[in-house]
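Before I ask anything, here is the structure I am working with.
Order of writing sets the labels: A, B, C and D. Residues in every chain begin at 1.
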């Protein structure tokens, strides 16, 4: 289960990307959706206290992960993510059971040892900065890794993601300022996933901008708004933007329009929302129509992941909770 | 009886009707949600702000300058820490302008543990707030006090920090809020927003009456003469429970609800310690540079020779966060058993 | 000395504004320059600990003050200023001796009672919000008064000013966000006085923007960069912008290019800088050339103000310092 | 002898040469100014940042994640208060990620009164900093310690807050920094930037040697056995002077320079109080919810029955700012006479 498998090597007839790639994207999208649905179910069954995650953003987040240069250190890409990024982690090859462990706040939770909410990934080995709950702080932090990469040379870049409502925080502006300094422009891909919501607040009353990406233009940052519900467009646009950042060593601002398929979080019920575009559903219709995958193949895939995740959830159920005295662990790093 | 969230909502309704409050705002404070804890549902003067705490506090300052008596909300105190400079400005504007400007404004924000909030929905704010001069700081432990303190806050000429113990927001009171209907189901029908589509819903407010809990006045919640325990917010009801347990064991503990953290009711606290000679301060903020340490200092400074035992503090462990797993949260902030034990020990302590 | 006098009522031949107005602007510009020079001298003679102020910004700040609707409350204009705004205060009719008192931190200092640095004005009676030292916080605060004015109706507006370097703070972005919310656009004139410096740091390495005013465009805020060294242009542009804000009840972002004629503050020596445009010198050359005022008239005016300010400085010298126990005054406002 | 600003500069030079420090940055930290207190003149790794404290702390965190060992400056601690949330994140990242990430970074910032800084160039930061878990916090009171603490800070695996008592930055030391030339005029010629155009100037660094003041170690600066005074930063030399005056009056005071505020050298403090039975804590932060109150709590908790008099705190008055006029500043934060008096009184106190 560690790497998305390539189910079919024939060329897709009418698809706009290589068939193999379409299948691979679809595979991870399904896996990510199934993971999030499992997390929601865990919450509803009392196997976790809080859920927040990224169902509805898979079409964007999967290409992002597949296009990242995975690894540790300045030659690889850094990701400063928010809490809707599970699909990106899976696309990088992460085992989904880690997310279940965090949901159940077990001692085995690989991201926080049972300390943090679901969706708060951290994996230094892959340059995944720890997700922290305060909105938008990652935008103030990301220029730091980008600056180190700029000095280091090579083609490693920094990627930072966050939501649309959060761009009202000054940290989003700080990111634009620090990334575009003539003294030292940074190799950073600044991403906003725009689902048009901040919890219960709709974007239309709060955003004077026509597009959030317009804010980059003022800084002479190359900027674009894309349809994040289409994995083909997302792949192409991300590839182009990342190539630009990698080679030009300059910032790029991308706004991706996405959906929020289960509301904000468990605090708002975590129920499926019917009136949003479901990127997976649309993609599957397209794959079927184009003859890339059959309905049966796709259902088989979903069933397999559903079973795998159900098994993983059962496994996690019996894993130990952190011990009370463990609160004292890791306050300070100690000499190695 | 009303719970604390309903009490705050009713107080804000009273304030928008009678006290000149023109803006009740913050993230998700307005319709449709009416606040993540429902404390602002159905009010007339609410509106949703951008997701920008600095803008919220800044705008509150500006509105106060313009005499609008704003009530601004920071959704969780965990997210107030990028505004400390602005809070300091709000607190120093009157002084720095030598009395020229004053800022009648209220900042309300939920604090503390108790809802499995993990690292970022469990923060206390009492230590940080009490270190900022120029503010008045209140924190109710029951719905009636919540109502009375909010009414006082909305009549202040100065900035008031209104800390809401989130673990108590859904807890019902034991005393009726003046004007509250007898039947709590009726109250809920009248003022709680329905599930689902709320666009056509309007609350039916009961005929609320004014009621003041004066800022600066604490309250003796249990009388006793062997040991004093001073607390506020989430830990206050636990202190009461502990005192009741102790009483069964023959130990008489006096429980003081501080209610106002600044300026606090030192006369009340002092009189109690003079009587008992023993005092335990309880709060759940992390224990280093903690407001309880200030109270201990004052105690030692003024009452050293009257003490029968060292004053004690029971507070949150000095760790970087409150972990999500139950065991972590319970080990991080004072629980009932911790308080009971600490009181027993203090009552029994001999040199 | 309370109101700028009108020296001459004849029409200016070639001047682009009404002659009377030109003379009036010139009058306050001279007065403001002389005031700042006096403050600097006080500092250098040990009659004050720190100087910061606005010499070099008079051509912009004087028209601003003259165009403001002076008074208290929502029907008048609010000013949330930074520390280079003396000329605006004088244009409103403020007595310059107050600034000297603040410089000497006397108990009579009308703005802070000897508590705050020079240039930190406050006058509630005229809606002048207290200047506070932290850079850019006024941009987070100003939307509050503008919002009250919007609700109130009428044509009172809010004006906020600050420096170019400070726009890197998130509060500048907050101001743009809060002013342009579709739910409630605000009657606010957002001003940046761009002197191309932040203490010792030049703008060229730090600003990716071509013009700072471009940042307003992303929010669909009407925005413009003007030459703040020309009082005629400043008057015209300010008038147009203020009319727009007053009547449309919408935000306007104005960037004014200005000079920093005595360096950042006394910390950097407070010496005259030769290589910056001196707006007063240029304006006087123009007034002379256009026959609006003669060299002699202008020198007489300067001499008169110089003497008045010297006398005021002597007066202030003997005024009492605040008493130690006064630190306890005005921590809280008390019932009236 | 070098002054403290020169000592910090030399330490940073050592750090950029030998300890892997790649970025020394902040507002006006780079050429031409080299910092508003000259502490970063002539260094190779300095650069001027945008005027954005949140960006400064955020970027430092990012650089630390990437292993660059940044030294970030906040020009005055007065302007750090909009970054408390980020400082909290820096302090909790290791813990929140269960040990996955660590942040080797230093934040330096001048603190305190003594330069007629008025409301916004006089702030202390010790109370706020010590309330943030996960940081180590140091504050030198002389150039040699400043040098040694900076070298230790730059070798830490964790965030270090380096507080510079601004009143002491231009004060010369009594002990030589290892490698510092004998003649202080020569040192100045070598490493102080010239007035006027500096574009062609390059410093000539002396052959500096490593020297560590370990984080967590205080120092007994004057031995004594009748009363203990614990301080740090600006007030430390005043405590020494006061102790010397008292000695002439026949009172023997022990003076402890804490040097590290967190984790502090409790063993040293405790041993001294066990000897003297009397302790005065001195700092200049405002006195409500003050770090000295934490030290007092610890004292009472552990040493109550050994105390001959109540422990005392001398700190800044709880007012919204330090006023510009001399009389205001002197009345707001502890001065020599205040300390001497407090010590005399404490030494003489009888129940």
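Convention: a residue touches a chain if its C-beta (ideal position, glycine included) is under 8 Å from a C-beta of that chain, and two chains touch if they have at least 3 such contacts.
The structure displayed is predicted, hence computed values, not measured ones.
When the contact pairs of C-D are matched by residue number against A-B, B-C or A-D, over half are shared only with A-B. When the interfaces A-D and A-B are ranked by how many C-beta pairs touch across them, A-D comes first. Centroid to centroid, with C-alpha atoms defining each point, chain A and chain D lie 42 Å apart.
Annotation: 37 Å between the Cα-based centres of chain A and chain B.
In this assembly, the C-alpha centroid of chain A lies 47 Å from the C-alpha centroid of chain C.
Residues of chain B in contact with at least two other chains: 48, 50, 52, 54-55, 79, 82, 85-86, 92, 94-96, 119, 133-134, 319-321.
Within chain C, the positions touching two or more other chains are listed as 112-113, 115-116, 132, 134, 168-171, 174, 177, 181, 183-184, 205-206, 331. In the complex of the two chains, the chain C residues touching chain A come out as 168-174, 176-177, 179-185, 204-210, 214-215, 217-221.
Residue ranges on chain B touching chain C, taken from their complex, read 22-23, 47-48, 50, 52, 54-55, 57-68, 70, 85-86, 89, 92-102, 133-134, 136, 157-158. On chain A, the positions that touch chain D within their shared complex are 73-74, 78, 80, 109, 111-113, 115-116, 120, 122-124, 129-130, 132, 134, 137, 139-149, 151, 158, 170-171, 174, 177-178, 181, 183-184, 329-336. Taken in their complex, chain D has these residues touching chain C: 27-28, 32-33, 36, 48-55, 78-79, 82, 116, 118-121, 317, 319-321, 323-328, 330-332.
Residue ranges on chain C touching chain D, taken from their complex, read 49-50, 105-107, 112-117, 132-136, 165-166, 168-170, 198-201, 205-206, 267, 321-328, 331.
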